[in-house]
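Just below sit the structures, each encoded as structure tokens.
In the two complexes that follow, chain A is the common piece, with chain B as its partner first and chain C second.
So, the complex of A and B:
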């Protein structure tokens, strides 16, 4: 007897839970909420990507054309597929000593898998994600980028007073 | 009764007479075969294109999207563009595949759905062939489609295809029983297997109303079992994308793939049309016994509009299922059939026989 009761309560429960689901989708069918479709090429001007969107690796520069990259090469070591090449140079500092500085931070967008390991491991937070995603070009070499701008220099750490 | 101006029999019989006056009887039969064939071919293609478009729009609205909207107004020509693309695709021949069976399979699938569509009464006087065992015939040919699916899976020389085909076989063989038993409910009510007689028997009320609770029950069971029989979500294990890439039609490309795709949508239409014919009165307008004025107003709507209106409501319900429920596992699928649907169906049959025997339904 018990099992018979359980059999029918099972059916009842199943049907009610299915009906709950159908009510939700049915409601959306009759009164769709906010339409999430992006009319992409037309809405280029107003398109706003999500904050966490991974478009490409970029190196932010401030108004004095300064960045935070020291040329330590940690990102290069951590990139699983060799998308980053760091070329350093020696420049004299205030005391006249020769110290290492970044010459070219080369980023191969064509090989990047957007794993974020370089950004996660950079000890100076010098690189981050850019939101641009229209990367189509006619020549593969144009996907190789130098992230530090020409003539840029390392931003000095603010000395705490 | 139904207004005669909406009857297609005047049109069909005038064509018949016109042909008879100019050629020999055997030639007339042949020409009529060809005409019916061409009409069905056109209907089939247009319906397939429309259903694919409809499905994409319905699922888009359910998911708060817009759906196709680029080709033509509201994306109306999207499926036509897709068809042109599919026609131009290369037909890839698979290494070590059984070539003959591989090429045969899509045709088996599509021919069976053609055969089923032939027996459907679309409107008053618009039925290609009115067999006296109509339901039996439709069920028999529509379950032949699984042969095509099994052959496709077997001949592709691919494990995904084979698993998909085996699942499909297990699924159709088991759900066939439930479909048959729930259709039997209406056969008991109307006392006939001929589709035209069944439609006539609903002139004063559809079976779903006249047969009250047991008929409603049979209707729901039929909808569930039929959704499973046509391999549609949530019962689309045969082509479970996430597990089997595309199931039995993984290896097919171009127009051969399109055949499977088209047959699937036409099968959905057939299943909905059978539900309409048996439970919702087919092309019969909504009649309520005794309300003469109301019945007359309903008669002004042509029977073909009634038929397609009701069929598309059922098609919408089937789409609603697909875009609501997650896919079942194979053991859940077989459990649902053998432990729930089949016993309930058998109980329902006994109940209906009892109801009919003591005349507990609206006549």
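So, the complex of A and C:
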């Protein structure tokens, strides 16, 4: 007798718990409310990442092809993985004295862990985060980038007037 | 060694059927190999083989300064990355006797709880999926996305945000942080009944988890099981209660304890903890000071005074500890991480013994293992 009762209560319990679960999924099937999915490759034109998004390290250049990097190498020292290499050169300044300037700011995106220490410690705010995130390439060497553009020079400090 | 002794050490017999679950098995959630010794469908013995993604983090940390090694702790338990960061930061701050602003402590605690909720979301999704309920995966991920959106707005990354630094935070949080956290708490409170109806009350789920993998309190203490898995056995081990850090002594919350010790009790602890985290979040967001800066004044090169320092925090999976030995240099002389998943893994063998192989999946899911946390 007892087992018969248990048999039927089990069936009842099973059906009711199934029904409770189906009610939840059914509710979202009929009225999903907010659509949370994004059609990613199609929405590229409207896709806007957050301002602070860490996509890659970039060096902003102004319209005269000038940047703020002096080649001090603080970012290279602070990087925990050695993803930044600074190659400097000597160029004459206005007084004809040879001073240090950046030749190549090499950034290995493949080694970067996005810890932000280079950007945080840069005394001149020369590098910052870029919002690009589509980094898939066929060749690994393409992930090594030179951040300063060819022919670029150091931005002169603005003279306070 | 004679033949008898060899048999005793490797615990295998000739007629045993050995199956390798993993290294690439969906239910182990990473590269973990479980060598299962079977008799029919019954598990006679189970040996975990670890080390497939060992990266030598403790050694790597010896060549990094205290600011640099923060980003390594992200990559251990990636689901509670923020909590791991906090452990190192607190250890360094306590060693230097730096007073961090109260606002920083509040923000850290809010982020801890958000990380915990997000981590439990993913665990809930994956646990349901392990036991054959694919719907939970979508529902859990939908709600987790809301937390990750808050993270992305403030730190720029969704998972591995090295946002803590010794002395405070990398940046100030986004101006909308408080508003969006409030919105999330409100949103998730409405969604919690769905979790109950979908999985907690499901009869199939009950049959799969109730009375499976029973771990009593003594066993939990002997194996060093902490976090929700330990509290599912009635072992009161919440570091937030036992040894409060940050602002946890200022908030009112309940330590979730279930004495049954089976997979369902561990499930219940985590689901109740999500609710409790929302209660903590509500209190913290209201009390969070608006002014006070985001970092204390720190020297550019941090050198810990000679000595040994230990700090433990409650990560999403249990007690996470950092032990630093310093010789007064800018690099740590030795650093040891006590990660929760490493201890929690080794109870899997004794629990699975005598059960069927499908129960092994349920127990493995209920312990909530993260493999990089085991291998480090």
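Here is the rule we go by: the second predicted complex is superposed on the first by the 125 of 161 C-alpha atoms of A that agree within 3 Å, B and C clash if a C-alpha of one lies under 4 Å from a C-alpha of the other, contacts with A are read in each partner's own complex, and residues count from 1 in each chain.
Everything below uses one rule, namely that a residue touches a chain if its C-beta (ideal position, glycine included) is under 8 Å from a C-beta of that chain, and two chains touch if they have at least 3 such contacts.
This structure is a prediction, so every number in the text was calculated from the model and none was measured.
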{"item": "First (chain B), second (chain C), both or neither touched by A:111", "value": "neither"}
{"item": "Partner chain(s) touched by A:36 [first = chain B, second = chain C, both, neither]", "value": "both"}
{"item": "Partner chain in contact with A:17 - chain B first, chain C second, else both or neither", "value": "second"}
{"item": "First, second, both or neither for A:98, with chain B first and chain C second", "value": "neither"}
{"item": "Contacts of A:25 with chain B and chain C, given as first, second, both or neither", "value": "both"}
{"item": "First (chain B), second (chain C), both or neither touched by A:78", "value": "second"}
{"item": "Winner by number of chain A residues touched, once chain B and chain C are compared", "value": "C"}
{"item": "Intersection of the chain A residues that touch chain B with those that touch chain C", "value": "18, 21, 24-25, 36"}
{"item": "Chain C to chain A touching residues, read off their complex", "value": "64, 67-72, 75, 135, 142, 145, 152-157, 160, 162, 170-171, 174, 194, 197-199, 201-204"}
{"item": "Chain A contact footprint on chain B (complex, rising order)", "value": "58, 60-66, 69, 320-321, 323-325, 340, 344"}
{"item": "Complex interface listing, chain A residues touching chain C", "value": "10, 13-14, 17-18, 20-21, 23-25, 36, 50, 52-54, 78, 80, 113-117, 120, 129"}
{"item": "Residues on chain A engaged by chain B in the complex (per definition of touch)", "value": "11, 18, 21-22, 24-26, 28-29, 32-37"}
